[in-house]
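The structure appears right after this line, and notes come after that.
Going by the order they are written in, the chains are A, B, C and D; count residues from 1 in each one.
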Amino acid sequence: MNFFAPFCIPFMVGAAVMAVALVLKYVLWIWHLPRADRKLLVSGIFTVQSIKAVGEVISESLLHRRIFKVNPLLGYMHASLAFGWFLLITVGWIETIAYLGFRYVPLQGHVFFKYFATCIAEHKPVFDFLMDLLLLIVLSGVALAWGKRLYSKAMGMRRTTKHVLGDRVALSALWFIFPARLVAESLTCAIYGGGGFLTGSISSFLAEHVSGSLLAALYEPSWWFYSSMLGIFFVALPFSRYMHIFTEIPLIFLRRYQLRPREKESSYDNFEIQACSRCGICLDPCQLQSELGINDVQSVYFLRDRRYNRLKLAVANNCLMCGRCEAKCPVGINLNSLRQNSRDTMRNIPDESRYGYLASLDRSQGEGRVGYFAGCMTLLTPRTLSAMERIFAAAGEDVWWADRNGGVCCGRPLKLSGETDSAKKMMRYNKELFYKHNITTLVTSCPICLRVFRDEYALRGIEVLHHSEYILRLMRQGRLKVDAAGGRFTYHDPCELGRGCGIYDQPRAVIEAVGELLEPKHTREDSLCCGASLANTVINDAQQLRIARSMSAEFEQTGASTVVTSCPLCKKTVARGSSLPVKDLSEVVAEHLA
Amino acid sequence: MAAIDWGFSINRPRTIDIDNNNLRKSDEILREMPELQCCIGCGACTASCTAGNLTEFNFRKVHTLVRRGEYQGAYEEMNKCMLCGKCRLLCPRGINTRGVVMLIKRKLGDF
Amino acid sequence: MKHVVVIGGGIAGMQSALSLKKRGFDVTVVEKSNRLGGKLLNWHCLFPSFTPATEVTDTLKQRIADSGVEVRLNAEVVEFDRHHVVLADGERIECDAVVLCSGFTLFDARIKEEYGYGIYDNVYTSVDIEAMLNKGRVELKNGGRPRRIAFLHCVGSRDEKVCQRHCSKVCCVTGVKQAIEMKQLFPEADVFNFYMDIRMFGPGYEEMYREAQQKYNIHFVRGRISEAAPTIDGRLQLKAEDTLTGRPLKISVDMLVLLVGMRSNDDNARFAEHSGLQCAPSGFMAPADMFLSNVASGVGGIFYAGAVTAPKSVGEVLNDGAAVAEAVTGYLG
Amino acid sequence: MKRATWSEYQKDIADDKYYYARSCIRQNFFPGSEKAFLDILSKDLGKDIFDDPAHSSCTGIGYHSDIVPLETIMTVVARQFAMMTESGYENFVTSCITSFGIYTEILATWEEFPETEERTRENLYKTTGREFRKPKCLAHTSDIIFHFREDIARLAKRRLVNSGTEEPLKVVEHIGCHYAKLFPKSGIGGSEFPYVLAGMVDAWGGECVDYPERRHCCGFGFRNYLVQANRGYSVANSQKKLESMAPYHPDFIVANCPGCTMFLDKWQYTIAEMDGRTYGGNGHGIPVLTYEEMAGLVLGYDPWELGMQMHQVDVEPLLDKMGVDYDPAAKYLGRNGKFIGKPSAAVVNGCSQDFIYDIKL
């Protein structure tokens, strides 16, 4: 049996180009991994993590479990295309074996089996049925994809990604592959007979209504078309968003081996960046999109621009880094870390002389094993400071006040802007200060500081607590008593505290000890950003205010009489946007000390 | 040839010479961030400044000089800023002060 | 019917006359020039709305024409008391009350000779600019378009050196307004406003100021120009201190606009002496008190409206016109 | 020139019978000028002017340097007036702008605070036994030349024109700060548009240059010059003026103040040596003249008689332009015909630099 026909050439070329490109990319990326990452890879490969990764590949890359969670219809669309196509290939393979036994069949022989199988008289209706069913499933996915273009809301998406030209070519090819296959197979069946419930019925219809000569004339071109579509798609795949189809698989493995984006851009980032399918799920959660109509800076566009080396500073900088999109990304890409290390690449200018003025500076006061770092912003919310003072006094805690008279910034704002090396100087200064004063516990009221103390400072021997955690601990230890005076509170999760440090329950527990807690519409992992995030240096004051107003409206809808938050920046910002009084968690506690 | 010690040198003028200053970068900065022109010199930024309370750094003065085309030393001054963002919370004219710091550094540092 | 004479046919006089007429008085407006409207006739647009000044003057003139108020033009008042107004030609007009609406005098910018008004080309006053705008031709002496324009605030205001200690109130806003107008006419030009303080006291003024800064990119430099001098290419070199940076500043401009202030009329002292009225140290007429009788003089039957008592904006002057009618009614019953 | 305002500032200047008070520093730096003034007045104009050997310094430099107290200087000034009174004169003419400012200021002080005048009279009487009358007319010598500028123009042998092209010479006039900046009414033309020198230039055929830094101080500033470490400020001020006037290509600078004339002249040397910058034509400095020298040239005096060889910036290019006959060989010969010495070559006179300077920055 001959498994070659001229129409196979586009497919064969496409498949070859794709294979070479994929192998080259993956080999190069792994080759260039930082030494530490390579070590992680080697040490993880023969562990149970690899098996877990296989499971995750099936559930995510094929079944798209996480997208199902976002929206079942959207999940079905992705799964039908990915898993359906996967099954088409697998079942097609089995079909070949069923017909021909175990023998070598070239790739095009499997793919265009229907074409080459016309000489086989025997029919296995089970496969006809199966293959038609799978084709139908995939076609339904394609239909949904078309539908999504027209009406994305049905799939829970208000906005869809604006694609670049290459993506559109690949997308068009992809859309045509399966209808083309249906047509080609139906024509083949119309001439040679056979086919399942789908191709079979279409072929009988064609045989009845279309002249034989026309069918014969269309026969070869239809296979050519099908092959060409496959070829185009395969050539475009490594260079378009469809790269994600394969890239998610190594990504899942590497992530299981604990590889992550680093402070500086690294080869690993390629796996994350090219695993983005540009599904656009990150668009809707973005408040820059929903409140300000800014529609070219979201993670999907950021990753796309970075991938094609056309990232602009204005795009990299225009992000609140609130983490809402990251929490929803079906591929689990570390969007904030990637944006962070892009900023580093664009803005980090090491300067040894910078912040030389920090040397030998110490404006701290008091003595105690517990250190309190108010943070720059907290100095502008003195009620928080005095509340903390009362709480410390009530608990009988001796406190070392790190920065009540003005200290040195924790370094996170500078790091967020990409000036990583300079930020380290401030971190080093503060770290030395903490050690110098022999504290064992460091309490801060500012989630921005908290985040960097925990993630970057590596404060061995010092426990770092947010004041919400600290207050709750004091209450549970019985060192701090509050009267449950009642009152209706609602709570705003600061991005850096909630999504950033995973602290959701502690402040809630504290509030519930005082009064009733009413949750706003968006809360916990889904909470909205106040808009004043230090990560964004692009949007102006009016834009910040618009975000603040829209997110504050949710607090008013809860019926609460006070908005509580636990970040000085959020407090100031929400207070601008809301008509309700806004208090820091510590104020609420201090007001209700028993 | 004999060496003569004058005991003094000619003082350089302190005058801001708008005619001879190169205002190209200043214009670019104002074009990118027109709100900077709204500064009314209240000094709240400088009063609250974390870095300004530890050094001579005066954000208001430095950006005003930059607007007048006096770039000498401005980059180094802006580098004293810790970007902590207190000033942005205080500016009565709502100027994106952190953005200004970054913009001036970018323009004067040519990156 | 009681007869009230209104001295001055500017907007204060016209509005006062209209309000008095409405309350049933017999009103005569005495105006020394040959037409009604006063200084506002020379004005192009009013801040902060850019309303054409003619909208105010024409409307008032029309209302005066329709109201039956007697208007005496070319009639200069030499002296008056509550019962008589004596004109330059010797005529005595009998009346029951007098409303003094003689307004203000523009500061003569030539007195500040260091700014070169009347000495160098292309030094103008804010009044000249309004006249040029009215003519529809703002240009340099040589017909060219200015590339750089400077406005100087407080010329003849808040200046001990010319014995004008008071703030003329409206020049800041006018300066910002004219700067915007210049920028609209010459978008390619750089406009610099040199000010001591920016006083944006009224509704919409601060907003206009902000717009001038942000939208029109007008440069505001806090510092008074010390002197203007000609340059070799026929421009003007200005010196000032940029007080917000603590550095002297030097700049050449094509056009310098002096925002001249309002000073009190020279007549005020004579009127005061003759009629027993009080002048404030600024030379403006002092009302009986600053709050409850701010359109009354210390002398029964003599009232004030408009800028005769202090520099005022157009809106405030018109309010005075309405208020004085109330006060006169209270006096004449 | 659009300067109508000068005419608003006029003062009464006596027509004859002057008591003459000399300047301290001019006699060293421009020694011919004061003699020229006396010659012009007495010989050319036939006026009575008394050059009293008994008068003294006004101590103004000491006063402005915080060395001489006000009481003292008032008494010294009172003595000058006593000398004038004793010689039978009542029109006081001073050659120095600093002195002119001192006399004006003290007379104004006595006017405002008569008790200070009484005390001064007492002090003078106690110390010297002298009494005085206040001058009827106080004028600076430049006021006198200005007063007779038309007479001088009539007597003129030359005019301030380029003898080759007949074009008026471009003249930068510089007025000493203490001439009218203290009391605008005390100077002709006031402080903004002083006309005292410009009037002479106009009358004698020249053309004044109105350059942006026209009113700026020369930088002398007493303490700024007297303390070596401060001289950088002083020279920077002269430089500012020179930079501002240079584009107008002035043929010469004329000043009416001893300090200004000296510093505008000598700082050109300093700037040229330090920075290599010169502001006149052909890499030379701009000659700086006193108004007496200017008047003397107009009246046909010999430049070496006028003491112009004492200038730091060579005047020969100007003399050539004006068509003045002079003997180059006689430049450095004294009045007795003996060689008086010759300065080293200087950058400001178009010579190459032959020193290495150790400039402290």
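To be clear about the criterion, contacts are C-beta pairs under 8 Å (C-beta built on N, C-alpha and C of every residue); 3 or more make two chains touch, one makes a residue touch a chain.
The shown structure was predicted, so the numbers you read here are calculated from the model rather than taken from an experiment.
*Asks:* Which chain pair is joined by more contacting C-beta pairs, B-C or C-D?
*Replies:* B-C
*Asks:* Could you work out how far the Cα centre of chain C sits from that of chain D, in whole Å?
*Replies:* 46
*Asks:* So how far apart, in whole Å, are chain A and chain B when each is placed at the average of its C-alpha atoms?
*Replies:* Once rounded, the distance between the two centres reads 39 Å.
*Asks:* At what distance in angstrom does the C-alpha mean of chain C lie from that of chain A?
*Replies:* From the centre of chain A to the centre of chain C is 64 Å.
*Asks:* Which of the chains touch, listed as pairs?
*Replies:* A-B, B-C, B-D, C-D
*Asks:* Spell out the part of chain D that touches chain B in their complex, as residue ranges.
*Replies:* Within the complex, chain D touches chain B at residues 228-233, 235-236, 239-240, 270-271, 274-275, 354-361.
*Asks:* If you look only at chain B, which of its residues touch chain C in the complex?
*Replies:* Residues in contact with chain C: 14-19, 30, 34-35, 37-38, 40-41, 60-61, 64-65, 67-68, 70, 93.
*Asks:* Which part of chain D faces chain C closely enough to touch in the complex?
*Replies:* Against chain C, chain D makes touches at 2-5, 190, 192-193, 210-215, 247-248.
*Asks:* Please name which positions on chain C make contact with chain B in the complex.
*Replies:* 198, 210, 213-215, 217-219, 222, 242, 244-252
*Asks:* Going by the contact rule set out above, which residues of chain B touch chain D in the complex?
*Replies:* Against chain D, the touching part of chain B is residues 1-13.
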